[in-house]
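Two complexes come next, and they have one chain in common, subunit A, joined by subunit B in the first and subunit C in the second.
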Partner chain A sequence: MDFTTFVKPSNGDSMATAEATDGNDAKKLQFWKHVEYIENHGKQEDDYEYCMTEFLRMSGIYWGVTALDIMGQLDRLERKYVLEFVKRCQCPVTGGFAPCEGHDAHLLYTLSAIQILCTYDALDEIDTDAVVRFVVGLQQPDGSFFGDKWGEVDTRFSFCAVATLTLLKRLEASIDVEKAVKFVMSCCNQTDGGFGSKPGAESHAGLIYCCVGFLSLTQRLHLLDVDKLGWWLCERQLPAGGLNGRPEKLPDVCYSWWVLSSLTIMGRLHWISSEKLQEFILSCQDLETGGFSDRTGNMPDIFHTLFGIGGLSLLGHGGLKPINPTLCMPQYIIDRLDIHPQKLERP
Partner chain B sequence: MSDSSDDEYFCTDWLPYSERKDWEDIKPLEQDDGPNPVVSIAYSQKFRDVFDYTRAIIAKGEKSRRALDLTTDALRLNPANYTVWQYRRDILREIEADLNVELDYLGEVIGQNAKNYQVWHHRRVIVEMLNDPSNELELTKNALDNDGDAKNYHAWQHRQWAIKTFNLYDDELRYVDRLICEDQRNNSAWNQRFFVLKHLGFTPEVIQRELVYTMNRIRIIKNNESAWNFLVGVLRQSGGDDQYQLNSHPEVVEFSEELYNAGNRSPYLLAFLIDVYQEQALHQKANNEQLARKVFTLCDDMATKHDVIRRKYWQYVASHLKSQLDKEKQQQQQYQETEKGH
Partner chain C sequence: MHGRVKVRTTEEERERKKKEQALKMKAYRAAMTKIQKKRAGGELDDEMLGLTTQILLRNPDVSTLWNIRRECVLEKIRKITEEEEKQQENSVKPEDEPKKDEAEEEPKEVVDSPQKLPVEDQLQSILNHELQLTEQCLMVNPKSYNAWHHRCWSLEQNPLADWQRELQLCNKYLKYDERNFHTWDYRRYVTGKAQVPNKQELDFCTEKIKVNFSNYSSWHHRSLLLPQLYPNEQQDRPMSEEKLREELEMVLTAAFTDPNDSSAWFYQRWLLGQGFHGDKDAFTVVAFRLDPHGKAVIGLDKPFPAFNAKVQLVGKDSSVDISSWLPVNRDKSIWKSTETITIEAQESYELKLPNQQIKLSALPLNRGYFYFKPPNSLSSSCSQDLKAELETQLQSCLDLLDYEPDSKWTLLTSSLLMRAIDPSSHHAKSLEHLQKLQKVDPLRKGYYKDLAARWTLEYELNKWPQSEKFPLQFELDKQSEALTSLPYGQYLIIADELGLPEKLRNLAQTFNELKL
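And now, the complex of A and B:
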């Protein structure tokens, strides 16, 4: 299985009209190159990376599907094949989703699967009750969530749990939301207002996104010290425009998304320099192959490609559909589902 | 993800499982690529051989010594494959393997894959099964020291888990102090310091000592985000009026003003002073306009000189204080008018 499995044959050469190259390429969004990059993902016979990431295939498909949808190119993939793949990954015993057949179900891939199904408006094609049972079964007495039966606890899993249940419209009357909130808030650090993976763990932009997103989904944003956390997040912007995930770390396109989406949820997007961030994200495009890398000059991958495109969408870049900052999915899908993650007003 | 270390391991005398006598009874199980396979990935015979047999073993549910060795090969090829790790744990339990041997093996794997969720989680499960944390501080210390990444999130998580679970707090402050001396901007080390202190308890003596410690660090490197955040975190533990905690220790305010008067304009110093004066302005009824002016001036300096990229934030801080003070003034006036009415 590779991504080209899902591509409609008719799309073969429609990219011939690709942009003419000129010296300013790095400053413009290489729209068609990125479409081509995602379509070709995993196609190269020798794609070591693709094979090594088998264990997260479901998320890989979510990243590709979402990026294409934000670019208005979802119809390049064959809906039927994508859904067949997703459905084959639902575990008949636990009800959760595996990253691909032969692997065990995990919350991370369960959320990715549900996101893909929502994008294709296909929730009715799977057993959603079983998914709810899987998620509910992973909540612990302290409110936290295991990622799977092996008992790793992490605020990422709290986010995955409430995001999955929200998309299924089953957040109420399933888990103990109060306790879940209490656990997430116990991971808030008094030094900088940020969040880590567990109580006491260092603040980290990726985990802050999970916790802020969690509070947005549970309508509890008032629990945040918005000014303090907002400032810490703004501090992540480096002079060259990119954002890092912790103090004294290098800037990265995925951290740019996590900081940016958190600030957007908190109504504080305008506190950083959008122009400079946009410049940084565009500088991480691979002008030859398409796709985005973590930082300028590195190899592109599908994960950073979604967060590059998503970041540009949040910044209002033309030609891209609006993205929902909490669920990292096109806003029109969230509207179609009639879901309303909380967002604070700009002060 | 590079293949080079595996090549070394799977060197010349590597015999594919498909050619091994003792594996003849197993029929390899290929990855099911679904009904529409387009391209087969032919980058590595070795990879395919090992994983086809691994899939077969998992499907069969065989838990044996040879199955354990097979997972060792599979994980050497792809240490991020969490399904194989899980199966390995099943095997270890079933055949009652010597878990100390497993710990040694994991030490080696972590040495090569220190940023891999699965390896660290496996380590934790084995330590729990053995109920013996005696190697964990050394292991994480090596990951933080020797591998050149003193901020490795996985190593810190594991260290915190071991300390919390087995009560290993005793020497931790000394270790953290060493890391902070080596790199004063190591945010992970400052966070660990707070983690330990929170457990030991923020008594007035501890707060006093930590404030001095942090101020001494800031004297050496002023523009250090981690140290300033830590300082605020400690001040917030001082109890009493939670609207006046930044001003609870006058020596810290004096220290910051001294730095400012000596010409330092680190954004973190200015940000701290802004918060301090803001607290004073909202707390003191008397000369709060003068204090507010201090805040406005500093915010303006930040927005136009020292932290231009975040100017909108500083404009917000100033206007927010102004609206808070206006509101207070209005309330006072209303109160006075009702008093007069009576």
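And now, the complex of A and C:
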């Protein structure tokens, strides 16, 4: 299976257009190069990386599909092939989704699969009851979630569970939401108002996104200490404009997304400098191949490409569709599903 | 994929790498095909373990392979236990003839297990093998969620797990990387299992911090231990005052060692924080007004979307339940009653809530009743000793500012110290610092502006009850023209008139504007 099998052969060469419109200006969004980067994902030199990352393929497809949709280029992929792949990955026994064939189902890839299906408006093509059963079966007596039957507990999985059920419109009357909330709040640190992966774990921007997103989906943002957490989050911005994930760490495009989306959900986007962050994200574009890397001058990958594009969309960059900060999907899909993740007002 | 620098390579080098990768890929695909085939056939044997080892050592994130290993381990354990049961049966009935034949065939069945070892040793050998592998994998990728989880899983299978050895492993790994949060999480897990006393952990933390002050992970670990070791009975501070004083001293030394490092400053702000809210899911009524026509409005200290408390209005000889409320503002910190309450003119009323009992005051000219409690009533509750320590620290900060007037963290911390000592007498000075911070730390300009608005409103709302115009009129003075936001709007619902700068006026509502 190859990502390029999803790409329509009729798309033609967008590189020529890219040179003509964007030039090599690092300060501008290299729109067509990114489109091409995603299309080429899995071709030629990248093959080795592509092969070695098959254990997260479903998420990789979600990253690519979502980035293309935000750029208004979703029709460059063959809907039918993407959906066939997704459907083949649903485990007939557990109901969850595997990252690709031959691997085991897990909550992480189940959310990615459901996100792809929602983007293509194709939930009716799979057994959603089985998905709900899979998610419900992973909730533990303390409200937490296992990622799969092997017992790893993490607040990432709490987010995956409620996000999956929200997209399926089955959050009510499935899991014990009160207990799930209680567990997530037991991971909240009184020092900085942030969250870690489990009770007592150090606050970390990625897990803060998961927990803030979780509270947004369960309509419980009032449980956050917005002033304390918002301050810690805005302190993630470094002089170059990028955001890091924890104090005294390097900036990173993906952490920029986790922090930016959390601040947006909390109505505190104005606590950082949007201009400087935009500069940082754009500086992480690969001007030759397209795609975004974690930091300026590093190798691009599909994961950072979505979070680069997504971050720019949240910052209101022109030419991109609005993205929903909680579910990291185009807003028009969230509207189509009539889902309303909670968002706080700017004070 | 993180931290991979894009390097220019020669054509030759690229070719060589490509060939190398092609070989690796071929090996990977061959191993994966074989693994999947064996799994389908239920062959959970040593060969399977070998095949998965081969891939996991390069790529410990392939979670399915760890799942397969767990299946293999459980299968092996099942077999040796079965074996043991069989042997026990045999030893009970040694004279049983037909059993002998089976016994002769046995070696074939247990070909995977180390032979002639007692069951316990076999079990240890199987599980230790898993520990060794995870250790090797963590050398390759110390942040592999899968490898850490597999380690925990293997130890959980082992009633004789050596937790002291695991503690040593944490020490070793924290020497390589003192910020790896996986190692710290694992350490908390292990210290729980090994029942390491909190005091001992605190000493470990102190050592770590002494080696390097810039260690947020260590400060965090500390923040978990102190409230347990030195609890504060009133719950208004994170720990006992005596310990708090010691910590403040230690953290300021750390912060001054490198004033540009944020780790210690974050910890210090936590120490200076007042509220230690035990229950995040609780609210306090901060404002209430009931008009003569029986319409009521309630303001809560924070947004509370599920406000449905039974509110009881208790008069001299009557009592009414107000049970139906509707949110007025979007964040749901203001609620109005949907019913009209019958009230009689009398001296006073009380408001009873499940967690609060409030005495209402009468408004002049029979205009109803109200209640008001300003935010963060900062009547400094700290002891003389603690206050003296805070004063000393403030002076140190101000001294440092003489030399480095633009030091961001010193500016912020000194204003926090001022507010911890006495917010009202230091009000103007602390706002001055926020002004300055907007210039020296422009990235967070919006944050400092909002903080200035909060401090201003807290100050003004605390002053309000002493004003002649209280509670029907609220006014912000000229200096507040600079404010860009208006927090604490729910405290203003008792007023009939708001004297606010033009741009803030539509951010708050008077009692009448709530249109009850």
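Quick note on the criterion: the second predicted complex is superposed on the first by the 337 of 347 C-alpha atoms of A that agree within 3 Å, B and C clash if a C-alpha of one lies under 4 Å from a C-alpha of the other, contacts with A are read in each partner's own complex, and residues count from 1 in each chain.
Here, a contact is a pair of C-beta atoms (placed from the backbone, for glycine too) under 8 Å apart; a residue touches a chain by one contact, two chains touch by 3 or more.
All values derive from a computational prediction rather than experimental measurement.
Participant: Report clash or fit for the pair subunit B and subunit C bound to subunit A in the combined superposed model.
Facilitator: Because the two structures are overlaid on the shared chain, the partners are seen to clash.
Participant: With both complexes superposed on chain A, which partner does A:223 reach: first (subunit B), second (subunit C), both or neither?
Facilitator: So A:223 only meets subunit C here.
Participant: Of the partners subunit B and subunit C, which touch A:301 in the superposed model: first, second, both, neither?
Facilitator: A:301 contacts subunit C only, not subunit B.
Participant: Just subunit B (first), just subunit C (second), both, or neither: which does A:191 touch?
Facilitator: Both partners.
Participant: Should A:252 be classified as contacting the first partner (subunit B), the second (subunit C), both, or neither?
Facilitator: second
Participant: What is the contact status of A:293 with respect to subunit B (first) and subunit C (second): first, second, both, or neither?
Facilitator: After superposition on chain A, A:293 lies in contact with subunit C alone.
Participant: Thinking of the overlay built on chain A, is A:26 touched by subunit B (first), by subunit C (second), by both, or by neither?
Facilitator: The answer is neither, since A:26 touches no partner chain.
Participant: Check whether A:240 is in contact with subunit B, with subunit C, with both or with neither, and answer first, second, both or neither.
Facilitator: It touches nothing on subunit B or subunit C.
Participant: Once the shared chain is lined up, is A:150 touching subunit B (first), subunit C (second), both, or neither of them?
Facilitator: In the superposition, A:150 contacts both subunit B and subunit C.
Participant: After the overlay on chain A, which stretch of subunit C ends up in the same space as subunit B: 9-17, 81-89, 99-107 or 225-233?
Facilitator: 225-233
Participant: Using the superposition on chain A as set up above, list the residues of subunit A that contact both subunit B and subunit C.
Facilitator: Residues common to the subunit A contacts of subunit C and of subunit B are 45, 47-49, 51-52, 55, 102-104, 106, 150-152, 189-192, 196-198, 200-204, 227, 230-232, 234-235, 237, 239, 246-249, 268, 270-273, 276, 347, listed in rising order.
Participant: In their shared complex, at which residues does subunit A touch subunit C?
Facilitator: 45, 47-49, 51-52, 55-56, 98, 102-104, 106, 148, 150-152, 154, 185, 188-192, 196-198, 200-204, 219-223, 225, 227-228, 230-232, 234-235, 237, 239, 241, 246-249, 252, 268, 270-273, 276, 286, 293-295, 297-299, 301, 303-304, 344-347
Participant: Show me the residue ranges of subunit B that touch subunit A in the complex, using the header's touch definition.
Facilitator: Against subunit A, the touching part of subunit B is residues 1, 3, 31-44, 47, 55, 58, 78, 80-83, 86, 89, 117, 121, 125, 151, 153, 156-157, 160-161, 164, 185-188, 190-192, 194-195, 198, 225-226, 229-230, 232-233, 236-237, 271, 309-310, 312-313, 316-317, 320.
Participant: For subunit C, which residues are in contact with subunit A within the complex?
Facilitator: 1-6, 14, 18, 21-22, 24-25, 28-29, 32, 36, 59, 61-64, 66-67, 70, 145, 149, 153, 179, 181, 184-185, 188, 214, 216-217, 219-221, 223-224, 227, 238, 261-263, 266-267, 270, 273, 276-277, 280-281, 302-305, 330-332, 442-447, 450, 453-454, 485-487
Participant: Give the list of subunit A residues in touch with subunit B in this complex.
Facilitator: 1-2, 4-5, 42-43, 45-55, 81, 84-85, 88, 101-104, 106, 150-152, 189-192, 196-198, 200-204, 227, 230-232, 234-235, 237, 239, 246-249, 268, 270-273, 276, 347
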